[in-house]
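After this come two complexes, each holding chain A, first together with chain B and then together with chain C.
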Partner chain A sequence: MGPLAGIRVADFSNHAAGPQATMFLGLLGADVIRIESRRRLDIQRRPHAVYGRDRASTFDHLGLHKRSITLDLKSGGGHALALELVAVADVVVENFRPGVMARLGLSWDDCTRVNPRIVMVSLSTNGQEGPAARAPGYAPIFAAAGALGWITGYRNGPPVEIRNMMDHTAGLYACFAVLAALHARELSGQGRYVDLSAREVAITLAGESVVHGLRGQPVTRMGNEHENWVPHGVFPCSGDDRWLAIVCTNDREWATLASHIAEPWATSSTYRAVRGRIAHRRDLEDRVARWTGTQDRDRLAEELQARGLAAERSFDARDLVADSHLGTRCAIVEVSHPAHGRRRTVGSPWHLKGAAVVPTWSPELGAHNEAVLCGLLGHTTDELAGWIRDGIVY
Partner chain B sequence: MGKSLEPEVLEQCFRFVLRELAHRIQSSPGDSLPCMEGIMHHPQPEALAHLRVVVVGSGSVAINFAGRTLADMGATVVKLEDPPDGDSCRRYPPIADGFDPPSSLFAFAAAGTHSVLVGDGDADRRHRALLLNEADVILHDQVTEAGWLADPVDGRVGRLAVVAVTPYGQFGPKRDVVGTDLTLFQAGGEGYLMPSGLAHEERPDGPPILAGRYVPSYQAGMVAAVGTLVALRSSEVSGVPERVDISIQDAQLSLNHLVVDRWQDGVLERRSNRSFRYGGVLRCRDGYVQILTLEDHQWHGLRDMIGSPGWAFDPALDDQLERARSGGRINAALRAWAASRTRDDVVRSAKEHGVPAGAFLSPADLRSDEQLRARGFFDQGHELFASPFLMRAPARTAPPRRAPRLGEHTAMFADGFSGSVR
Partner chain C sequence: MFTDLRCVELSTHGSAAYAGRLLAAMGADVIKVEPPGGDPMRRVSMAGATAATNPWFEYLNAGKMSIVVDLASDRAPAELEALCAPAKVFITDLDPRELTPLGVSAPSSRTLMPLGLLCSITRFGWGRYRDLRGGELEVESFGGALIGTGSPDRPPLKLPLHQTVIQAGVVAATTVAAALLMEPTPRWIDIAEVGVWASVHHGPAVTSAQLTGRDRKRSGRHAEGQPFPHCLFRCSDGWIAIQASERDQFAQFVEMLGHPTWLMDRKFGSRLDMGSTNAAAVEHEAAAWFEGKSRAEVFDACRRHRIPAAPVRSIAEVLGDQSLMADGALVTSETSEKRSVTLPSFPAWFGGKRIPQLHRAPMLDEHSRVLRGADTLR
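Take a look at the complex of A and B:
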């Protein structure tokens, strides 16, 4: 159970952004029914060279808290079953290219005809309208087009591709859109349609820079620099690829760091006031880096945090999985499967009463065909057998 | 001049125009939005109309952005600020002197909210208590809720969501550790992996960097906005206040789970091994383009785009894994091809060949972008831009609202939310 218990989602999404949205809804207790097909396997269900995988994944984080059915939506029978599901659902989520849902007979108009209370969220690269609506896109592309990639990178270096984080953040925004539309539905009794552009999501992640640029102000890539806070960087520590982020937001914090460094240059009057630190930023941060390069990252992080400074390790995956704070907060949880064993994955970012949904393994393809098509929609097992034979359930 | 129209006729004409507008707004996706006075207004959704939100805190971009997000959807959002200088986010960079507010960060993150100045005097305390008691949502940045923040919650009956956004959450060994966007981005799994691709190739010894400027705060703000609506739902059922604890680190991690998944599959991702085998960031004569091909037909298009070199037709390259292994050679050819062309030429050619690609656009580039103009994303001649949530029926065609001046709405909310006008 969770706070969204009683909400049912017909999930037509695929790849990353849409499934992130529906995974969050399932995490919060909604009954998410994922409509898949063997004719068009989603990315985690097949080999993928980009992720260095020569076979289907046995675990899909974005498949957690969902049920899986398989329908050939291009068949009359599959389309009819999809609409039956929409009729008993509260939410439809999709992230196809604009026009696909309409061609499948599952547009907003089609869905509201069978369920006037349906909430539908369409998440696409550029939105449903406009000259670029049908252009294909992936996370790095809409992050580039949304200025977020442009403002990210070393000073005087090239822009940076923004990857999974961008997809998943678009999914987070879609999750919010679903909840806002459900809230509106409670007041009006009517469904809502939300058209969300992942590129526009990217723009909001660069919002302060976009406003600055719209004001006619110069905007450049700054790496880890900050106009007013020095030091403000990620510094190397001893060992291979071990880094520590350190930020001093005022003179008092710098004095604390300087006393910890305990070398003559650190207590120099040159750096005591922020104006001096800004004027000599490069020199100061080079000195800090030389000092941190002799320090153990983990020990230094703890010491500086204990002294009230903003300092944090650059966590790799090993650090994340082993971190006691994240474990205490169930931000890292364990899931298990009778055949695949146990593994760690990421938990919920929402801590509230009654929100604990026990993490389950991602479902096998079509694992819930009978439970949904018969148990929920009321069809017989003979009908289901016929649909499987005819390739409608496939 | 003819006779003026009778009032009844005028009303019929007015209602006809409204019906036509409503029909256009409620029509299927694919139709263009109504255009008024040559300016495309981005309809502002009213999904959260009647929601009363109070934001309490200083220096937290996350709760400001959560408040802005709720305001985008129609909520009335009031920031309680301390005299004399208010929320320190008002002084966060980037700063544009001569603009109001000077902080472009505050102009963005607090757009659409209201500012009420409350000090320590008796009248101020009563005013603050009034607003907190009338709120449906309290967004704050305190690790421990105490005093006047706890009082409106304890013993309260009825719907109330109290949402806390802090660096490491309200419980756990690190609850009292301070954090900024830079440190928290490094704590969330993505920081260690950035930059990858061309930026890392050109500076392999460079440090991990921050995406954007305030990305962790915006993401946590959106997580808080979700938590707000979920908590309200719970609270309506239970009849008592619901508290939500949001950690900026947890929020980061929830969006960066792939790095944990890959480690559990035996692959430790680093900046050095995370790049796309071919494609990625391409340097052009006058800028940069991002190219990414995941499907076979897109590879065929890319192959043709760069001039169909003979080696690219090796049957072995029909296999995705083999193409990945040959990524260096493919990239050398692709980069050489792009380097001699302009950014726009590369994007045009990619489109012609069915290769997913996009130019790296600067903030200044966005204003003239045809797609964004068609969607009414920017208010013409104004620095504000609309909510990314384009919601149908009903939709209020009001332009986006700016961030508030310090204490601007103190009088408006003197009698609580009931005196406000949205």
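Take a look at the complex of A and C:
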């Protein structure tokens, strides 16, 4: 039973950021009901461009711990059922382009008419209002527009793609906003509308550099460097794509590392003090990289850690899955699918005493049409059969 | 939102501070405990920073109160307990070694905050890695955030600035907010920064690694494993991000470039190949269209063709966007030295309004007298 046990979410979201928010709500124990469409299948359900498709909804981890119904929201019957669901829900989440929910008759005004206590979150690229409101966007767009993309990259190199972080973080902020609004509802009895902008999420992630920029202080891409700490980087180890992050924050730590390297150049007076290491940064880090290139990553990490140094392996996904510590912490968990057995996936980033939620696997499309439309909303199976026949539920 | 909430925050590297900032932004009273001499982040600065007050500190601590407690003194546990007594939540990113002298040997067992909620954020958690040393680079490394970021011919790339602090802070604030909805409120929350990266940001990679053996690869300006275009293109004055994932968007993209035959002739292979193995060849042929065009021109063309795109904007360009100020995304406040500072707000409107503007970050020990004396804080 999680903190949100008893909270119900009507999830109209699709693609990444919105489903990420509702996944967090599900991991906190909420009953998340996805309203989906067979005609406009969520990209998470389509065969992946690289990985193909497994029948067990393999790659839509964003569907973890949710239920699925299928409605034609453009039909009168589908719209009516959607509002019935909103009437018994606590939260509505959507991430369509601004205006879409209104055209579907599911705007904030429409939802509060049937449920004055509803909390509704609209997550979009640039917010619901303003000249850029209708611009389409995905993760790289949010990052580019919010300056985070510009500041990501190697020193003296071009910007690089920041990958999934934007969608996931926008979803996390949306989850927090839902919880804040639920708190406000506890105090006031009234629902709340939240209009969240993914571009502004990117700005908060770049927040420190924004403040520096406002003071006219230049901010540049730093890569793996640190202005005051050398070495500070990610160094190759033996084997394919095996890397070790090593940081020395003071002269004592460098002396420890140098003694472990045990080669004449490491104990050179040139590098003994931080000023010298900064002045000869490139040369020093190249030498460290040549040395680490001869070392086994895991053994070296253990040896350096044992000597009190900050050194950590750069894990890939297979390492994450295999790591017993992350498994113990439930960052990686096993979930079970009725037909396809047990698989590992990502779990919660938190441990909350007395509120563990064991996630269930993502649902098949429309798997809960009967449970929700009949079991929850009280309609008969004959009605459901009629809606399926008429394409309202499909 | 959290106007009935009082938190005590003790932060050394920022994660608890960012959680406190988010809760303060939502109306909570957040009391920041600092050592004599102040939070080290009052003095840490980026290259070129000249302000007496560090912008990073200003950003993390807007809206809080400050009190100094000497954690090394014998009286520290009692002082902290007195401070925590009227509070509901204690949030800290002290590591396990630093918390043990304060009576916290594990989140589940402690004398500090006996009746309230303890939220512990550590680098590596309270398990067998509790004594590991490391900062953000190590955490991002262990958590899998590095390996897939950067260029294929270069080392994995650290995420910019302080992403671990921000991510862990948001997770902590979210979990605290969730816990406070429970009756009774749980006693502790345990968040490991490595776990934040491993769980929040690795869903598809973890799944595919098990079933296909395939792992995420660094791909520079391209998003690996995604249909072209999902990448950054060079313009005459910088870069532009374009992602045309849907088939109709791709059709518009190739029409825009004057290469409609790319839809059918597959001379560069699949759309995956176009973004990976054949990316150089594709860029060479597409370069003619981008040649001499500014980001604004390319962006306008993308808008006309309904292709998702955005110029990769620098900090200065974002700050020059007057709509962000007008919209309240950036708001101006006053620092503790009576200087003006502009900070990002919480990225949302609630009920048609921005969250009321945060107060400035506190001066060191600014609220000691009132916190040690009066009942009413403000």
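Here, the second predicted complex is superposed on the first by the 382 of 394 C-alpha atoms of A that agree within 3 Å, B and C clash if a C-alpha of one lies under 4 Å from a C-alpha of the other, contacts with A are read in each partner's own complex, and residues count from 1 in each chain.
Going forward, a residue touches a chain if its C-beta (ideal position, glycine included) is under 8 Å from a C-beta of that chain, and two chains touch if they have at least 3 such contacts.
In this text, all values refer to a predicted model and were calculated from it rather than measured experimentally.
Bringing the complexes onto one copy of chain A puts chain B in a clash with chain C. Touch criterion met: A:T152 reaches chain B and chain C at once. Applying the stated contact rule after C-alpha superposition, one finds that A:I278 touches neither chain B nor chain C. When the two complexes are overlaid on their common chain A, residue A:L377 makes contact with neither chain B nor chain C. In the superposed pair of complexes, A:V321 makes contact with chain B and with chain C alike. Of the two partner chains placed by the overlay, only chain B lies in contact with A:A102; chain C stays clear of it. Once the two complexes are laid over each other on the shared chain, residue contacts for A:A367 go to neither chain B nor chain C.
Looking at the shared chain after the overlay, A:L41 reaches neither chain B nor chain C.
Shared contact residues on chain A (touching chain B in one structure, chain C in the other): 3-4, 24, 28, 48-51, 54, 59, 61, 127-128, 130-132, 135-138, 140-154, 157-165, 168-169, 172-173, 175-177, 179-184, 187, 192-197, 200-201, 203-215, 217, 219, 222-224, 227, 232-236, 241, 243, 245, 247, 249, 305, 308-318, 320-321, 325-326, 328-329, 331-332, 343-355.
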